[in-house]
Amino acid sequence: MPDGSATTTEQALLDRGAMGHRDVADSLEPRPGRSLDAAALRRQFLDARSCTERLAEPLSAEDAAAQSMPDASPTKWHLAHTTWFFETFVLSPLPGYRQYDPSFSLLFNSYYESLGARLPRPCRGLVTRPSLDVVIAYRRAVTLAVASWLETSGAARPDALAAVELGIHHEQQHQELILTDIKHLLSHHPCFPAYHSPLPRGSADEAPPLASPASGGGSARYTKYDGGLVSLGHRGGGFAFDNESPEHRVFVRPFALGAQLVTNGEYLEFIADGGYRRPELWLSDGFHWVAAHDAAAPLYWQLGADGSRQLFTLSGLMPLDLAEPVCHVSYYEADAYARWAAARLPTEAEWEHAARTLPLDGNFLDSGCLHPRAARRTEDTQTFGDTWEWTASAYAPYPGFRALPGALGEYNGKFMCNQMVLRGGSCATPREHVRASYRNFFPPPARWQFTGIRLAKDA
Amino acid sequence: MPDGSATTTEQALLDRGAMGHRDVADSLEPRPGRSLDAAALRRQFLDARSCTERLAEPLSAEDAAAQSMPDASPTKWHLAHTTWFFETFVLSPLPGYRQYDPSFSLLFNSYYESLGARLPRPCRGLVTRPSLDVVIAYRRAVTLAVASWLETSGAARPDALAAVELGIHHEQQHQELILTDIKHLLSHHPCFPAYHSPLPRGSADEAPPLASPASGGGSARYTKYDGGLVSLGHRGGGFAFDNESPEHRVFVRPFALGAQLVTNGEYLEFIADGGYRRPELWLSDGFHWVAAHDAAAPLYWQLGADGSRQLFTLSGLMPLDLAEPVCHVSYYEADAYARWAAARLPTEAEWEHAARTLPLDGNFLDSGCLHPRAARRTEDTQTFGDTWEWTASAYAPYPGFRALPGALGEYNGKFMCNQMVLRGGSCATPREHVRASYRNFFPPPARWQFTGIRLAKDA
Amino acid sequence: MPDGSATTTEQALLDRGAMGHRDVADSLEPRPGRSLDAAALRRQFLDARSCTERLAEPLSAEDAAAQSMPDASPTKWHLAHTTWFFETFVLSPLPGYRQYDPSFSLLFNSYYESLGARLPRPCRGLVTRPSLDVVIAYRRAVTLAVASWLETSGAARPDALAAVELGIHHEQQHQELILTDIKHLLSHHPCFPAYHSPLPRGSADEAPPLASPASGGGSARYTKYDGGLVSLGHRGGGFAFDNESPEHRVFVRPFALGAQLVTNGEYLEFIADGGYRRPELWLSDGFHWVAAHDAAAPLYWQLGADGSRQLFTLSGLMPLDLAEPVCHVSYYEADAYARWAAARLPTEAEWEHAARTLPLDGNFLDSGCLHPRAARRTEDTQTFGDTWEWTASAYAPYPGFRALPGALGEYNGKFMCNQMVLRGGSCATPREHVRASYRNFFPPPARWQFTGIRLAKDA
Amino acid sequence: MPDGSATTTEQALLDRGAMGHRDVADSLEPRPGRSLDAAALRRQFLDARSCTERLAEPLSAEDAAAQSMPDASPTKWHLAHTTWFFETFVLSPLPGYRQYDPSFSLLFNSYYESLGARLPRPCRGLVTRPSLDVVIAYRRAVTLAVASWLETSGAARPDALAAVELGIHHEQQHQELILTDIKHLLSHHPCFPAYHSPLPRGSADEAPPLASPASGGGSARYTKYDGGLVSLGHRGGGFAFDNESPEHRVFVRPFALGAQLVTNGEYLEFIADGGYRRPELWLSDGFHWVAAHDAAAPLYWQLGADGSRQLFTLSGLMPLDLAEPVCHVSYYEADAYARWAAARLPTEAEWEHAARTLPLDGNFLDSGCLHPRAARRTEDTQTFGDTWEWTASAYAPYPGFRALPGALGEYNGKFMCNQMVLRGGSCATPREHVRASYRNFFPPPARWQFTGIRLAKDA
């Protein structure tokens, strides 16, 4: 693929002005040297589209329409927005293409400041029209059109293939958000309804979970690393977002990482030890956050005055399993727990250095469990999947990071302030979506994502 | 009907503790001496139930589920809550009755403090389950059970008939709220969708609307009244809420009332005269409200920079008709307009004294127009229907008003603070629901009801 | 005094545009027929001016400069604002008068919307300059100039005398505010400092306070009144604000008023009976207020976990005296207490009808006690002084009330919304300032004034 | 000084629990190997104490008592708090010492969570007592006692000398805060009063300021650096806070730094180019900050509709000097300006690497100007003094940073979240206080400190 063509694709994107908060395109960095196979991409595309629809299947029209907080979006909006993305960046540039419905750009564009009138994010739950079935019809029409184009003309237009690849990764991000957002919504229902049927937490052919000792599980065991001048960032080959580039060197001291994720049982000890009431364990902002939210446990925990311990999950209320990784904690909680445990959180350089050599394996969306699982074997590091892991690193541009020219440049690095980096993916992340160099980021108080804790220490 | 039986009904209500904000039962005053006909009541009951359902017909499941602000409720909630009311106060006391779904009390009880856990009002839009079809099935089951009971056993239980009558008036209040709440919701959609098809604003057999003169329409003509020691309050005969009682005497000076409602055309003059920018025209709280909300026109008006004037209605955006009554104004706006017009708002004693002798006729919900209409004839006073009329009277107990004993007493007078009385019903009020002594009330800043302006003067 | 001259004074006021929130001039109603004696007025003027200064004497420059909340003003501001009032309305119109400091109008004008730039009310504590000694010099200069003018030329200018009279009543209002505002400020100091030396609560030559029975003190005894068509409003003779006029007739049912104010001991029973936790006793807005403020006792009470009961007063912390009238309660608390006591609050018509025949006697600012006192004799009605008494009447214009023309009309009735009327004056009100027809008003949640409770019942 | 003695001092500090927000002790890292000379320290101590008092001299009691926002403290509080620090950590441990006033600990302790009751930070302006003269007497008594002790017994107690040294640096931090806080307060006064007399912006013996070209001043010239594995952090010798340690290696790419600070003239071009209205120039949080604060210029700028350009300074309103460094910008503004200028902000590693070899020279508090000055010569880098320089680095612990044990450990790193690092000191920083490794930190929206902009680029 010649450089020129790539520029044409970029230009198409620039001219239309796409993009939105946490959208793939925030950090698009097309690499002209990569060559994409239209047929393979078509299969990935159809897989991604149908995966999204399967996630929406258990939901009624009302479930799919409600918005529980400004940071979360209705499922119907996710379904439509990801479709709008393909329509805008793949179909619309094709000669003769006619928009499915001109009002959809206003309704389903996420965050493009220059486009003028746009629905305020907190009002997405008030857009009752189009209804769910209209949105599903819209999805089908766009999926069909893109798939046909890929089959017939895709190979001849490598530039547009890059937009399809981008759209697939964008769609995967929204798959995870559908799950975290619907979980947040259902948690507000007084009856705590389930999103899907309860799954057995371990299947017959698996080893039983590791026993959680009264004090100190796998997270109290540490693996040592030498440090030195290590490499950080995407090393090329396969898709990556621009915030993962360029690959660069960082000088790292010797360090050690917790061999497994911190468990519910371990986190309960922190609570029992007065963790939420001891200012010396918290960042100043964190202790104010505790006071302002009356925080006393992770999100979705229900600790009864009678000693009962339950957890709201996508399968409804479940007993708290002490061996499972603790989840839905804020950065403040992760940081305070680490201080209590006489440890600290890893930097992203430490985390990535350790993860680069590990197989990309774990409990992802694909397992269908949609819940973090207890470690089965002492050697399970839980590095990928289960829960995103808060790092001690503020989200910042890598040295040499360059904003793209034009409209896409409007958004590069736009969120690189007041956010912390998370690594490793979760039980709601599609396996194909994540990699060792992948950088997720959220503000310190965020808890509705599947966020957990890995400890670190100086070695 | 002996007094004793009536007391039993009351007791049933008291024991269960019903009621909620702005519910009929806030001001329930059963009058033992009235005798109710079971067959007639059954007809009214079925009419009221099917009227409510017809109002919900144009709405999708999503339309019926969303909540645009804490003060407004989803249609689905109104459909379920009015049903819960009949189930709780008519069916539940019957021997052997089994609740349709025990969780519905938690979800659809409105405002009973003592009942413990109850869904916070602002979260009604997050209750995505049960879905709309389940709520409709619930309605049908309860309607059928009540109708059967009325047919077979109602005559023998005059006490329970009072509860049915109460439930009908309660249902009528929620019919109006369905319309005002869905209008508020749809007004947030960027495409301003219609609730129902546009209606011709005047039908062929009607006179054309009165021309609206450049300055001073019908509201500038005044009708004089002598005043003196007049009667105020419900004089008995037919249903009334307790806040309309007791009938009592008030000494009133000679006064004059505007012959018709203030029109859009007249209100435009106020705007053109800088009305919203002149502090001397406003109450102190009112001018702060203007500043805090950047208010420059009634709710739902769209005044374009190009001079265009549109109005959002239940039929979507329409050109502003200068002859129609101005609507969706706050008390502050009504008061400021009156001061600008060298007039004042009527007290509720003045209003009721004038209305007592007028026929209960006007543009109500029953007309199907769902929009205030321009006066057709010079003698149309528009006293009933079209718009609620803000009075200068704070909502307060009538002298001798007595709180009921027990749980119902919890709510009597509960809202008699920081609210102003409105009179006359609107185009969204069922004709059967209103009367000369009827007292509606809202806080001064409220605008989403169909609220308009009648002027008054000392004579 | 001919009408014409009076109009000239009014005109002077109008042209300059004075006035502010709760200022005398809000409700100025000069009555041309009254004749004012320049020499007597000069004595009153000098008394009022020196009284204000005596109130400021115990305060340091810092005490006099701080502002504890937007509703309260620094003493220094009160000292300067009342001076600015005389300078603006008496001295400035005199030929050749030169403003003391042109910046003072910007700093010490209270609330005139049309004057343009004006210091926002919540920022009064940030105006550190001029310093206190400069303000005191300003006071002296203006006092001297006004007194000289009254001596030499006052008799010849009856119109300006009306402005002086107005300024005296204005100054008296601010005397009370100095005390309530400094009390509020000092209550925020962790050491609870005193404003003045503790006073003996009863002097030697007085009877001891009435014993407060375990249940039901003087407020449980009631005095009956016949009602009928009674007169309300200022009957002429002496100064009155315009909101007291016109005198008019009101039809009142037979009623009874509590013979004395509700005591701390009685209010403690309400608390002990769970008063603050029982929603059935409260207005809906009131119970929300309780929740939002975690209210559990009147302002300035300190109820220790160990059973200790203290009260912050202008003499510092004192043991709670059960026989004293309860004070610093909101309208919501007064209303809830009355409901708990199976009574209600009086209307202002009832209160004034009863008060008209009583001597204007009581525990006022003049006693120097600055704290409500326990009743000494069974026949002490405590109608005047001790505490302002919340009425059940919303603050509204009397029938026939007319706004003044011009700038003063900007403010007439401006506060007649969302406020309740209080009657009778308090221990911080100058005796000369109050009368049976005097209407004070505050929003329902206000507690920092000396506000108490008198019960009423239907007879 | 043996290790043991040092530990004793630490222990004294730990036992008493000192410290507060941004206090020296937040980051105390006593280095036992350093030896302190009692006589020299006594001179520094007396200098620091009298410097603070000179800063308060132009202020009245009211000026010194007011608090303009929660982040700023009254001068009186600064005067007392720094005194309390010496009393608590130097005098109180001495045998027989008796506290000056036991209530002062409650009033003047800054931020020690474990100490129980403590004045909330936003209420410091309400502590009207003790008055300013009492605080000044308190200062004198403590200064005298410390100085006497240093003279007679200091040499024998090296441990306590460390506490004195700490107190001096603590006092210097508060000297800067006195100036920034009083500037913020005076800026709220409608008359914009001066803190001190206007100073000539350049003295006779100095070169005139460099002309500011229409486009691109000294900040558009860049100095290149090679990068590589550089050292960061305090290298030992002299006092440093613990957040400057340990010294460590960082791998840095080649880079270039702006040769001078960005000027007002250059910043005006950014404004004229629509800088505040172009979302593509801003971080997402930054553009929300612009909208929420209606930001259109740096703090203290006054741009008139008539083209006038003024600046509020500690000498009152002054014409905007285009050659002076832009000051009082938030991190968001600095970042947006850099993006507009096709540059970026430096990291703290880049900044410190460049600063390490430069002389510690510049426009500090000691010059008495109290305002950033225009560069006089092309070679003036303005690295130290004039304005703090925002870096692109989030405030985080250096690798190997260790929290102190015990109470002081409560605060180590406590603020290392949601803040950005600033470097170089300002015109309000005492020259003795700053060094190349010094790390200041504020949240991105903060503007009331003397904060400016130096650009950086990849080389």
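Just so it is clear, A, B, C and D label the chains in written order, and each chain counts residues from 1 on its own.
Rule of thumb we're sticking to: a residue touches a chain if its C-beta (ideal position, glycine included) is under 8 Å from a C-beta of that chain, and two chains touch if they have at least 3 such contacts.
Just so we're clear, the structure is a prediction, and the values are computed from it rather than from any experiment.
Chemist: Can you tell me the least number of steps between chain B and chain D, where a step is a move to a chain it touches?
Modeler: Shortest path length, in steps: 2.
Chemist: Stepping chain to touching chain, what's the minimum from chain A to chain C?
Modeler: Each step joins two touching chains, and the minimum needed here is 2.
Chemist: Quick one: chain C and chain D, Cα centre-to-centre, how many Å?
Modeler: Each chain's C-alpha centroid was found; their separation is 47 Å.
Chemist: Round to the nearest whole Å and give the separation of the Cα centres of chain B and chain C.
Modeler: Chain centroid spacing, chain B to chain C, equals 39 Å.
Chemist: Give me the residue numbers in chain B that touch at least two other chains, ranges are fine.
Modeler: none
Chemist: Touching residues of chain D toward chain A in the complex: what are they?
Modeler: Counting only chain D, the residues touching chain A are 21, 113-114, 229, 248-253, 279-280, 282-287, 331-332, 335, 339, 347, 392-394, 396-397, 399-400, 403, 407, 409-410, 413-418, 444, 458.
Chemist: Applying the document's contact rule, which stretches of chain A touch chain B when the two form their complex?
Modeler: Residues of chain A touching chain B: 60-63, 65-66, 68, 76, 103, 106-107, 117, 119, 123, 125-129, 131-132, 185-186, 188-191, 193.
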